[in-house]
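Accompanying notes for the structure given below.
Note that the chains are named A, B and C in the order they appear, and that numbering of residues resets to 1 at the start of each chain.
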Amino acid sequence: MEQFLAVLIDGIIYSAWLFVAAIGLTLIYGVMKIVNVTHGSFYALGAYAAASITGALLAKGMPPSLSYVVLLGSALLVTLVVAPLIERGILRFMYVKDEVVILLITYALFLILEDAIKLVWGVSPYFIAEPYGLLGSFDVFDLTYPYYNLILVGVAIVCGVGLAWMLGRTRTGKLLVAVIHDTEVSRAMGINVERMYLFTFTFGSLLAAIGGAFTAPTVSVVPGLGVEVIVLSFAVVVIGGLGSLPGAALGAVIVGLVRSATIHFLPQVELFVIYLVMAMVLAFRPRGLFSIAEARKI
Amino acid sequence: MSAERTPRTLALTLVAILAAGLFAPQWTLFLLTIALAKGLVVLGLMLLLRCGLVSFGQALYYCIGAYAAGMLGRSTGVSDLLTLMLAGMVAAALVAVVLGFLLARYRSIFFGLLSLAISMILYGLLVKTEALGSSDGFNVLPSTLFGVRPADDWVRYAVLALAAVVTFVAALAVHRYLGTPLGRLAPAIKDNEIRVEYMGASARYAIHVKYVIAAALAGLGGALAATTVGHIDPEMAYWTTSGEFIFITILAGTGSVLAPFLGALIFGIIHTVAFDLSPNTWQMVLGAALLVVIVFLPNGVWSLFRRRGAS
Amino acid sequence: MAAILHAQGLYKSFGAVTAASDINAAIEKDSVLGLIGTNGAGKTTFINMITGYLKPDRGRIHYEGRDITELAPRDITRIGICRSFQIPQLYASLTAFENMMIGIGVVLQNAGRGGFFARGRPHVPGYGLPAEDVAERLLERFGLAEYRDKNAQVLPGGVRKLLDIALTMVAKPKILLLDEPTSGVSAEEKFAIMDMIMKAVRAEGTTVLFVEHDMEVVSRFAERVLAFYDGRIIADAPPAQALNDPEVKRFVVGGALQRLDEAQSRPRA
């Protein structure tokens, strides 16, 4: 019983993390139809910015309770600087190209950013433990969990609900939905698609940065942080369906619970079981678990 | 460089390598051999790229070839380089025959992502397999060539010579394949698959065949690389390894069977130079180079030769 | 004359839309059949079912006594039934010559010639010539010789149509299905193009089915007409009869018939 509970709680925490990590990727794909490898870079940027800025401010005497706001603020800051630069400076000229080529371009940008991060922040690890330990921990039967993990789950819920609200209720959100369905028609109706792209890329990257920023207190921030996130996010997004918000949630939950279960019961298969699920979904329902029908071609 | 002159150019290149290798320093011989190994993988990727398919997980077969060669050596004591290379090729091809039934049904991003997922599955499996050294991998026995272990000074040259001959045969075979009706079908599949079906050909079958050939080439290359470096580890299946191959493929372009090897050589040189100068900016250099090639040389470096030849 | 293609009791729906309802047709060898009907009446669905692109929900299709209902498009092509497309399906980045070579290559491949171990330049079955010569000859026959080295995507509309049909003819089909061969072609050129196609095609004794909206073209070239409406066949008769059928006039031809009568009473130039 206790083990089952452990699997469930660990799974939900991991799912929350995966969801925040992956949701920006699926949004960008849905609107811009590009598979964005720089997603991992923004995750890393968020983590580095959060760790360095929070660490510096804490050293200057900032009360630790403010660190949560600083985490968010750092993610926002770094994204607002880097994302528009990338979108306006490079990506904008590449949209006409084939989707695989655009993926390779984002891969090239990812490689550049990886080393850029090393140049800016160096290669030594960053630690900021305060936000993590500050809240203490709680017990479920014999299992102890830091309260911080609830923040992670909270962030995931806020992001998910917030995004759903934005897409469904705000004007920008509805314009985005139009572009998601058909870029050409949207353009013909006068929607400024270019501005939508800039907004989407920035917002999606911000979500990745937030994921990185809030993960920073739980790990040591080192180079290569973004690398594993990319493939995991891909897996989550593919399972749920590229471009689907509820799909990303479902994918995150599936991957999170599966991983949690394998860690507890079959640790040897931990690493590859996620990719196995991804492969199986691609094999049987390539458009993901939430797919849309396609029209006749000839 | 027209297609009819390719066999002659290949032969000339082989002779040049064999001759120049006699005077080259050890590190150059190593560089050239690795370039041949990676070039083989990219030759296979080129076949797929001509159909419009990019595999994000070709490292799968590179790794299978390496591990097959390594395991064969460990379990039977066989150290003959040619045998190990052929073993790697066959192992990879067999896996591809099976996986090809699945993969040949997908296109574009889905083909890429599925191949990625499968390669990461292998990575995950290998990392957790203690019998194979987990993430440390294991070392490979020193190679022999037809029963003879060359003197220390001559090992690298001997390996290069064999690699060059095998690569020559492989490149020639692929070139010839590209002249057959099935081989020529690639641009048609890329442009209009429905039309291909309606002409009476199976695009899926053609892709399956090319997928198996590409895997065989990658397995050949993997076995060569493993025995040359002397060490095998799961990193050979990691997605960043696949990324390297993709970079070389884009760099090379699809113009000729010689292009992948030129691309691999250029890559090797960039890697050596950039890594020596500043290991922490190697990825940046790679990323920048990839961007430059995509934007300014979308048909790869080979298009530079094409333009000259066309005028 | 014997019927070589039988469609029996074909039904096909897409959700709430019935594209085919109890379609029965017997197509005779060496005949020319015109398929008419408004858009959405089921003509293209009929062709798609014959060529294996769609599987009927009910009913069977037989060709020379063999049940071909379940076959895939490439198998249907291999047994001698080929189709052209409403929107020409070409290999955009290849030249007209290269387009033809692809088609000829497939024919060679299916005949087991020209593979990896082949020597010299194998002859294409049905022509007795090597591939390049067959390509040149076919391009000439369809008036495409001057476009030989132009990329398919830059060719003008009528030329693309002809190339699409030329590609369809490569395998020397026994039955040729032309989906709107003159659509997108100017009124003056319609007759010329149909003349060229028919001459090239009928020389081989090919059975032809063509979908057409222009009733003048239909009455001039078709020996028999199948009229579609709402997924059903409402007439199956020689053109003079079919075009005067009251149901056909009402559901298919409408104003077009008026113009046809007027055109026919005008002296021909």
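As a working rule, a residue touches a chain if its C-beta (ideal position, glycine included) is under 8 Å from a C-beta of that chain, and two chains touch if they have at least 3 such contacts.
For clarity, every value in this text was computed on a predicted model and none was experimentally measured.
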By mean Cα position, the chain sitting nearest the middle: B
Centroid comparison with chain B (C-alpha atoms), farthest chain: C
Centre-of-Cα separation between chain B and chain A, whole angstrom: 33
Chain B and chain C, separation of their C-alpha mean positions in angstrom: 44
Separation of mean Cα positions, chain C and chain A [Å, integer]: 52
Residues of chain B whose C-beta touches two or more other chains: 194
Set of chain A residues in contact with two or more other chains: 298
Residues of chain C engaged with two or more neighbouring chains: 89
Chain B residues within the chain A interface of the complex: 54, 102, 106, 108-110, 112-114, 116-118, 120-125, 127-128, 194, 239-240, 243, 246, 250, 280-284, 286-288, 290-291, 294
Chain B-touching residues of chain C, taken from the complex the two chains share: 51, 72-74, 77-78, 82-83, 89-94, 98, 101-103, 105-110, 114-116, 118, 167-168, 170-171
Chain B residues touching chain C - in the complex, by the definition given at the top: 176-177, 180-182, 184-185, 187-188, 190-192, 194-202
Touching residues (chain side chain A, partner chain B) in the complex: 35, 90, 99-101, 103-105, 107-116, 118-119, 123, 227, 231, 234-235, 238, 242, 268-273, 275-276, 278-279, 282-283, 286, 297-298
